[in-house]
């Protein structure tokens, strides 16, 4: 077993920064940083819901994820220029949307839509988990904003969500993988949990060799601890 | 707790049929049926690999998933007509490819590409798990075909893969969900395992309420048992 | 003059199979086989008509044709992945739609739409003529289905349609060309006829050398005979 | 039987004008007019052939058809703006290409490509047949141009092609239909013939009622006569 | 300083031709020629306005520009075939629309839309300025047409617009550049002016070296004179 | 004449901030702020040039501009999701590229490509001029980076470029318009100048009424002064 390049303990998060109100226009906006990974999460609130939901009295929350071309080590092409959205982008957008919707009470939200935009400004592993963690805070701010304008009265948030990546590197389970660890991981897992400690999403992938039940259990333990820490950081940010 | 509509036990698979050599042209082709779910899995083998892999001496395996418009209860629009592939399709294509690649030795495959096409002819829940289970058999046939033509000598398959869905319905964990159960599931999980009993992919999603560790464990147990059964059925089909 | 590879007489159809109710969901569904050519024809019925026809009291029938990637000898790329539908696909979809509409009484159909999906599972020449022949049977089943649900009362079908290919190979007119004959044909013609023996579409193309009136006449005679046989097979299938 | 709105006999062409050298850049360019239908046909010659034909020693001829938005009675949307080419456009482009290739000797053409662009400036029925008739003349000019630059020596044109529409209106077969007749035709047929009087393409469609063999024969006779006239007009234009 | 290839004085326009009523269908249509540059400008009038303007009582004027593939020296690919509109096309379409809207009184136009289509049949420099100059005349004809049908009563045109290119070649400012001069210009400017002599658009670009204020002033003087001449030619054409 | 909402003098820039090295990966990266307008400019350097320039010994510089969905007052749709890039985006990308290329010596750059990505994080008017001003600094950093790695030796930058907007509001010429002024401007002009005081681009548009020569002159004077100030700020940033 070798030490981590950045000197962290195996069960230690990277330095996490959650900066609220980063933009002036959006109802909620957060610049979230997991080490060198920087994601700008903006929540835009609008009256009304998509056509298929009209008249239901229920609200809607959705998300889009994207990476700026220069966010990665080697510049990647713009999806708008290619004219199509890649599978990975689609997959992550859907994951973020599902994760947030797990803590939304649509009835309390009323026929309002909150759209989360998670744009990766700099990528160093864990962009989807940073996005979910930051987007929750932006969502909470957007909900407060809607309440302050009188657009809603109850509490549409039934809890909080946070997410973290875990993986097995050289046989050792590690928390919150930066890019250098991510590419070397034998197994890679993203875990989304509520602030109350339940699972919202568990996505584990054998990158190298298939993993057994004991490894899976170790990864879940590690992720659960990381989500507890992230939940606390979210609450501190929202209390500021 | 209520009985299942189709009378199965909670830990029982639907009737599974694996019909090999369903097409004349493809190197391997399988019509796989999980109850009323029917997926046509075709493996096309070609010399050479994608550009980014040329000269590496390594092979490649990839997959595409799609649903025929009339495969679902209510006809769905053709993605070719819409001019873009939806996020769900992308996501499942990527899952199938990753799952198969987990048991491929690229070096033994040499610079050959095997392309799996999984087209859902009829959908009744579990289309992605049926696709993986059937695609493995088509892949095995394509490998045999390549060996028979002298295109490869070693054994590029390091094992087998099978997949099954599990979910919690009315508080009860159940195996291999048809559509009627899938839409009612509080938690929904797709598990891909090797024939040797290790995990390749674990994807669990809280559809209704978040799930706790005990529920997660129960689902994993159920899925592991289902994959054992599917592995046996794959072996029987390949032995015919 | 050489004998046909499959031993048929020049004016003989390949073995034709018409299997109804191949799918559970669609209002009508047929697996039609012309030798090794297999096309799955599904008819989906829905209330209402396209916008430009609303309030007219008239129904609508339309069709889409596509080939599965592995249906051909050498795998062809998916049109959904390419993001655009090719000219040949467009052309055949339009041909199938026109052919079926030739026997539809829109007023008797009322403001209902029937959408035909013809997906080629395996291609060995004559896919468009097989598609038309099978789609008619699926359409007839969908009409019966609509009548059984009370959605219509009269008879929207004014007749039946069937289609067959003919061509000149080595100077000899032949009926129902498989792929090996199709590529060698000097002239290639697709003929769509009603059960009553009238022409709906005649599309003849000089692939090699231009053809004269006598050759055209011989091909039309051959096609007319083939359509009589196909009409009988359709009626037998519908009587089962 | 009623007289034609424009006073023509049933077997009479509209006034036909073939203006060569309409553009300065293209190797061959023709403004062809069938009555009020105006199509600009430009032939661009370039060294080399598409990738799949390289090294074969054979040339290639291809065509693209399009309509200007304001060419029709009611403005139609631009296909470039819609981002996709419609089925009708595809179909006609393919027809023009096939028709011209019927009189091309690829070996004599050598590895040169001639691209025909047929842009409808004003549409009043028969745009595809006017396009083929004009495109042949532009092609002949492009071939002369190539010969004058020394790019080819032999004669790549084995004959000429011309095309005309015919149809049955109120039970009467008529030649060269303008828009007002086209929309009322029970049966509509486009016929492409060589200057030597053989058929290259025959495309007949029952718009209203299916047609019988006698009607088909009458239409073919009418079209054959029209193509003789058009061939003479092409020759006169090329002789100027 | 060298003489111009076509013998013109530096402040002299190419021969300008403005042919009205070139098409039968469009409300206004003009073939405008600046030397060998030929642009077909068609104005289509329709009742109603785009959705975002409904109920405002205001009209709308918009424009689309495109080049035929064979209009240029070397054939260029069709944007409809490429499936996307290039930046240059977009830019020029927007410029034409803005230029025309500068002389439109939306209130007097009422809820009518006039769509200008400017299709370049032959390109020899200055296509965008020819398009604006011709489109104004087509627009004026469309307005007269609307008035003659009673669709409007007042005068929606508050003036006229014309446009011309200027540039510095070998240090000398020149008016109305053909292609051979355009490619050699150090600075290139397109100027749109009203008939009353005010500026609507000034777009100057340093192609080779940046330009100073004195050069800019000289170009503006030259363009202003050119627009005076073009305005006179527009008025003469409209008076015919 | 009314005072400006933000209290600035008519010829005064908004507070300008140029933060270098904002990203870790890109060869050059700048967060440029013109008041509340924030644009992230990243310069990615790569060996080699586009295909059409290979073997020429010359380098290439290009740019892409885009806005994040939440950067504007009201969220705008993602161009990647719409599947096409809008005309405005295309136009600005091209403007930025041309502006930077005006100060690049391709020979000194050698066969290297520098790609500028200008992503608007927050928009409050003047995004294109902020982008050009920031992109120049990122370009200068990327050039230094290339020199430090030995990829080039000479000086590919022949000068600097900066850009600013000017406009006439209520009859008064003003410098550097924020959104509230931009929407009210009668005339709007973007001016790109070199550090040496020459013009690279002048783009003036009459939004309301056409403008006369005196107004044009006043705007050019104002812009020239603004560019002098911006050039100084660029130099100070690069000196840090």
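For clarity, chains are labelled A, B, C, D, E and F in written order, and residue numbers in each chain start from 1.
Convention: a contact is a pair of C-beta atoms (placed from the backbone, for glycine too) under 8 Å apart; a residue touches a chain by one contact, two chains touch by 3 or more.
Just so it is clear, the structure is predicted and the values come from calculations on it, not from any experiment.
On a Cα centroid basis, the chain most remote from subunit E in this structure is B. In terms of residue-numbered contacts, A-B and C-D present the same interface, as over half of their contact pairs agree; the other options in B-C, C-D or D-E do not.
Annotation: 28 Å between the Cα-based centres of subunit E and subunit F.
Work out the mean CA point of subunit A and of subunit F, and you get 33 Å between them. Centre-to-centre, using mean CA coordinates, subunit D is 50 Å away from subunit F. Centroids built from CA atoms put subunit E at 59 Å from subunit B.
With touch defined as above, residues shared between interfaces to two or more other chains in subunit D number as follows: 83-85. Listed in ring order from subunit A, with subunit F immediately after it, the chains are A, F, E, D, C, B. Chain contact summary for the complex, subunit B toward subunit A: residues 84-88, 90-91, 93-94, 98, 102, 159, 189, 193-194, 196-206, 209-213, 216, 220, 224.
The residues of subunit A lying in touch with subunit F in their complex are 23-26, 29, 36, 40, 42, 44, 46, 64, 66, 68-73, 75, 78-81, 83-85, 89, 115, 117, 119, 121-122, 124.
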